[in-house]
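In structure tokens below, several structures.
Common to both upcoming complexes is chain A, partnered first by chain B, then by chain C.
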Partner chain A sequence: MAKYKNHILVCGGTGCRASQGEEIVQNLGKVIEENSLENEVQVVRTGCFGFCEKGPVVKMVPDNTFYVQVTPEDATEIVSEHLVKGRKVERLLYTDPETQERVSESKDMGFYKKQIRIALRNCGFINPENIDEYIARDGYAALGKVLTELTPEEAIKVIIDSGLRGRGGGGFPTGLKWDITRKVEAEQKYVVCNADEGDPGAFMDRSILEGDPHAVLEAMAINGYCTGATKGLIYIRAEYPLAISRLKIAINQAREYGLLGEDIFGTGFSFDVELRYGAGAFVCGEETSLIHSMEGLRGEPTVKPPFPSESGYKGMPTNVNNVETYANIPVIILEGAEWFSSIGTEKSKGTKVFALAGKVNNVGLIEVPMGTTLREVIFDIGGGIKDGKKFKAVQTGGPSGGCLTEKHLDIPIDYDNLLACGSMMGSGGMIVMDEDDCMVSVAKFYLDFTVEESCGKCAPCRIGNKRLYEMLDKLTEGKGTEEDLTLLRNLSNVIKDTSLCGLGQTSPNPVLSTMENFADEYEAHVRDGKCPAGQCKSLMQYVIEAEKCIGCTLCSRVCPVDAITGDKKEPHLISQETCIKCGACYEKCKFGAISIQ
Partner chain B sequence: MADIKLPAGKVEELKEVCKKLGNEGGELINALHAAQELFGYLPAEVQELVANEMNVSVAHVYGVVTFYSFFSMIPKGEHPISICMGTACYVRGAEKVLDEFKRHLDVKVGETTPDGKFSISCLRCVGACGLAPVVTVGDKVYGRVAAEDVKGILEEYK
Partner chain C sequence: MSKVKSLADLRKMRDELQTKVSLREKSDHPDKLVQVKVSMATCGIASGAKEVMNHMIEEMDRQAIDAIVTQTGCMGYCYAEPTIEVTLPNSAPVVFGHVDNKKANEIIEKYIIRGELVDGIIPVNYETVKENKNE
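What follows is the complex of A and B.
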């Protein structure tokens, strides 16, 4: 094997690939050859670094220089300056927004300082398509340890003692789930990995599978040994082609190395993994639905009990865990329960990965210890709100969660605290909203999602959510009444109490939490017929203030429907009949002459 | 029954796939994925074929096809346009972008233009939230799209 002096790590996550990450890799390769450095420098496609806002990201090893927003054209300079002359390419370094200083290493960036990476430990470090790199970072050592040193009971005890809880949303103690599956007697048991990441705005599972697929395979094998299962199934969204292809490569490599298949490590233990594809149904994140979908049926949930741990896939005991949960397992086995449980809060141990997105400066994938506050996440790691606007709300838990506000910013994030505030951990989506976001519209957005994704099996979810959506739509049209608000709250509670599965039991959360935290905004829609955030189209109009307008014609040029008229250097006018309220003029006007009324 | 004549080669190919899957109902979703890959969409004729091969009723196949949003019974346009309507893209203005596509092409979400060139669909999170709002046309990803960029994007494909 060639020994390279330098490695150039290029982020190969979906986000960075979408902004020409692949071309960067190719150009780097070309320039390296032109400089005859191919025996000294290796270009590696890694998993997601997390700092998606500044992608594509390129990291130089061994000196850890972290280049951001790299373009394919920068390849020449990176090679000629950094590698040949040993000088950093200053203009590609990250600029600290506060000090305006260039920062060259990720550990000194606000975005990374407060993070502890356990589940994401290998993302952005290794080439996910090369099993040797995983093994070099203690990969499969945990499986070896479990198989050769521990009994299934001992291994499960480590997981129970670590305090690890399910990262898919519910937060059920992982070790207990394993123990229940182990205790059921059956001819065949199954280990399932839930990679049906349906929460719009959450992409941690995909990033783990793309960046560190072997961690999941190893954990599933450990689970198999503990529960007595010999077959593993990964239920993955068909919309994740990159994750699927990396998983396939990983499974084949693990089989070649004898880490999956018959008689692993010569211990007589056999375990193999297959992929099953989802087809776009949010409800399939619910474990009974997921199992039905794997059986070739419509992904409708069934009443629990029986729990999948007792009767799941093909009626056999099935242990279902989420991707992030599995990614924690190998480290816990190697480092011990005590180490893991020293991180986090009393009832929520370890770390949690969040997909931080929305109106925040540093969009990306982050991993923080449980107990970190929302303020630290949004302002220290996230770098605050975009364009200097005011923070308004943060939505956690996706369509099942709620909107939290200013007063919740200092609450330590864990499963129980979020539930107490009327939201939930969920899979870890975290969407930040600013003063321009209308909370009624946000609730409507989520209900639109739920209505589309409700499987239709039970009436409260199928009909109730549709009625909720209609009422919210009425409010945003300015046709709501006081009575609607009462009805909205009552119906929400009924849906929560009577729905069959987790989808319906949590779908009114966005409504209830916004009604609770932004009551005045709901009232403004009803009583004053106004949308304070200026987002509801029926309740607003764009108007040009003649005294501020200098007649630069910019607005009339961006207007897609030619609703703005006026001569050069004369105040312009918006025709309210033609205007489609797209807001293009409002965003473009440099003189603040366009206002929302 | 058959209004559309399915190309014989593809029919054979699909039968081959179904055989590999053991002609067993439990593998129905995998069979449908393969069928959609082959034919581009799942018209009634293809569903009947799959039902026969996988030994399940046509009603069952139809039930599954209509349940999952990934399966489509309408052919997509030559350049399928998908607008990400994940929450991150939504709060960064994806709705305005979608409205603009609808207005320019004069079709609704899930429809194809009469000339078969463009179709519009909504996605739930591509996972490129750093680039929000995101639009994909075929395999090409457009990031940080604003309503006024829409016209230019469409021009590229005309």
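What follows is the complex of A and C.
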């Protein structure tokens, strides 16, 4: 085997690939060959590094230099400077926004300092399309240990003792779920991986599948052994082509090595995994809908009980777990329950992956111990709010979660604390908002999503959410009344109480939490007919202050609808009937004469 | 590659494959390992630094010494090329000059393994910008 002196790790996640990551790999290969370094330097496509804000990311090993925002054209310089001459390419290093100093090693970057990577341990480290690299990192050793040394009961006990809870949103204890499935007697049982990631802005499951697909396969096989299932199904949305192709490669490699299939490790245990594609319906993330969709039926939920653990896919006991939950399993088996439960808070153990998005400087994928505060996540890891603006709110848990504010920043994040604040963990989406975001519009955005994604089976969700949306729309148009606010709150509570599945039971959360935390903003929309954030177009108008206007005519020239009139060197006037509120004049005026009211 | 038939098979396979990623694993915690920097500017390469570097990587790998060998730019001791800087865990870096394969073996044998000093050490008496700043 060739002994490489340097490895160049290039992020091969969807985000970085979209920014020409693949071309970087090809160019690096070409330049390395031109310099006859192909036996000394290995270029590796890895999974997501998490630092998507500054992608594409390239990491040089062994000196751990971390290059950001690399372009395919930079390949020549990286090879000739870094590899041949041993000098770092300064301009590609990450610049610390506070100190303005260049940081060359990832471990010195604020973004990585507070992170502990368990579920993402191999993302950005191994080549996901190479089973050998996974095995070199103790891959499939956990499966081997479980099959040869532990009984299903013993293995489940490790998971129960570890305190691992479902990472898909609900937070149900994983070991307990396995135990319920194990105890049900049936001819055939199934193990399902829920990879129907649907929250806007969340991409942790995709990144794990793209960066470390074998971890999920191994965990599913362990789950199969523990629950008595021989068949595994991964329900993945068809919108994730890269994850699908890497999973297919991983499944084939595992079968070739005998790590999936008949008689694994010579123990007589058989297990195989197949893929099932979803069409990207949000409701199919709910386990009963997911199972119906796999059966070829409409993706609609059914009443629980019976729980899938008792009667699921084809009426057989089915254990459904989320991708991130699975990614934790092999490490827990190898390192032990005690190690895992030493991380986190009293009732939430281990780490959680969050997809940090919105108005934050370091958009990306992060993994932190449970109990980390929102402030640490947003300001230390996320690097604070973009453009020096003021933090306003953070939305956790996607369309099922709520908006948290300044006063929640120091609460340790775990399942129970988030629920107590009126939000939820959800799958781990985290959308940060600044002073320019209107909370009524935010609630309306999520309702728009829920209305679109409601399957329509039960009336509270189908009709109720639509009515909620209409009321919010009325508010943003400035036509809302005091009664609407009361109605909004009442209807929200009714939908929560009476909906059939998790989608409807949580869909009013964005409305309720914004009403609770930003009551004054709702009132401003109703009473004063004003949008404090200046986002609701119907509630604002651009006005020219006559004293400041010198009549340069610039505004009237940029106005696309000719709404601005006035003679040269005379104050201008905006006709409110014609104005479409595009803001072009506001941006152009050099004298600050145009204001928003 | 053959099929994995038992846990022992997998363990054997892992040990064989370990070298594939060990470089990346080591680079995550360099302060716990022996770090060797080979001065690889034009003068160093012309004096044979490249061969020395390859030799050191292979030799330490053969002896199963956990080390990171990286290249660096000109250290300024052009009169003594090839030069290498060796940092043992918890100790200050030491620079050796005129290192050829034979000298490299001696350094590995005596300094890296046993911690004894060998001839050819270049006293380092400059400060770097970073150190200055910390004071």
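The rule we apply is simple: the second predicted complex is superposed on the first by the 544 of 597 C-alpha atoms of A that agree within 3 Å, B and C clash if a C-alpha of one lies under 4 Å from a C-alpha of the other, contacts with A are read in each partner's own complex, and residues count from 1 in each chain.
Operating definition for what follows: a contact is a pair of C-beta atoms (placed from the backbone, for glycine too) under 8 Å apart; a residue touches a chain by one contact, two chains touch by 3 or more.
Just so it is clear, the model here is predicted, and its values are computed rather than measured.
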item: Partner chain(s) touched by A:Gly171 [first = chain B, second = chain C, both, neither]; value: neither
item: Broader residue contact with chain A after superposition on the shared chain, chain B or chain C; value: B
item: Which superposed partner A:Asp132 touches (first chain B, second chain C, both, neither); value: second
item: Touched partner set for A:Leu259, first chain B, second chain C, both or neither; value: second
item: Touched partner set for A:Thr148, first chain B, second chain C, both or neither; value: second
item: Chain B versus chain C as contact partner of A:Gly163, first or second or both or neither; value: neither
item: First (chain B), second (chain C), both or neither touched by A:Gly383; value: neither
item: Residues of chain A at both interfaces, chain B in one complex, chain C in the other; value: none
item: For the chain A and chain B complex, residues of the former touching the latter; value: 14-15, 18-19, 52-55, 198-203, 206-207, 238-240, 276-282, 293, 295-299, 314, 355, 357-359, 363-364, 395, 398, 429, 431-433, 437, 442, 445-446, 449, 452, 455, 558, 560-561, 580, 582-584, 587
item: Touch list for chain B against partner chain A, complex; value: 25-30, 32-33, 54, 56, 63-64, 67-71, 85-88, 90-92, 96, 99-100, 103, 123-132, 134, 141, 143, 146-148, 150-151
item: Contact set on chain C toward chain A in their complex; value: 1, 3-7, 9-11, 13-14, 17-28, 30, 40-41, 53-54, 57-58, 61, 68-73
item: For the chain A and chain C complex, residues of the former touching the latter; value: 1, 3-5, 7, 9, 61-64, 85-87, 107, 125-126, 132-133, 135-141, 144-145, 147-148, 256-259, 265-266
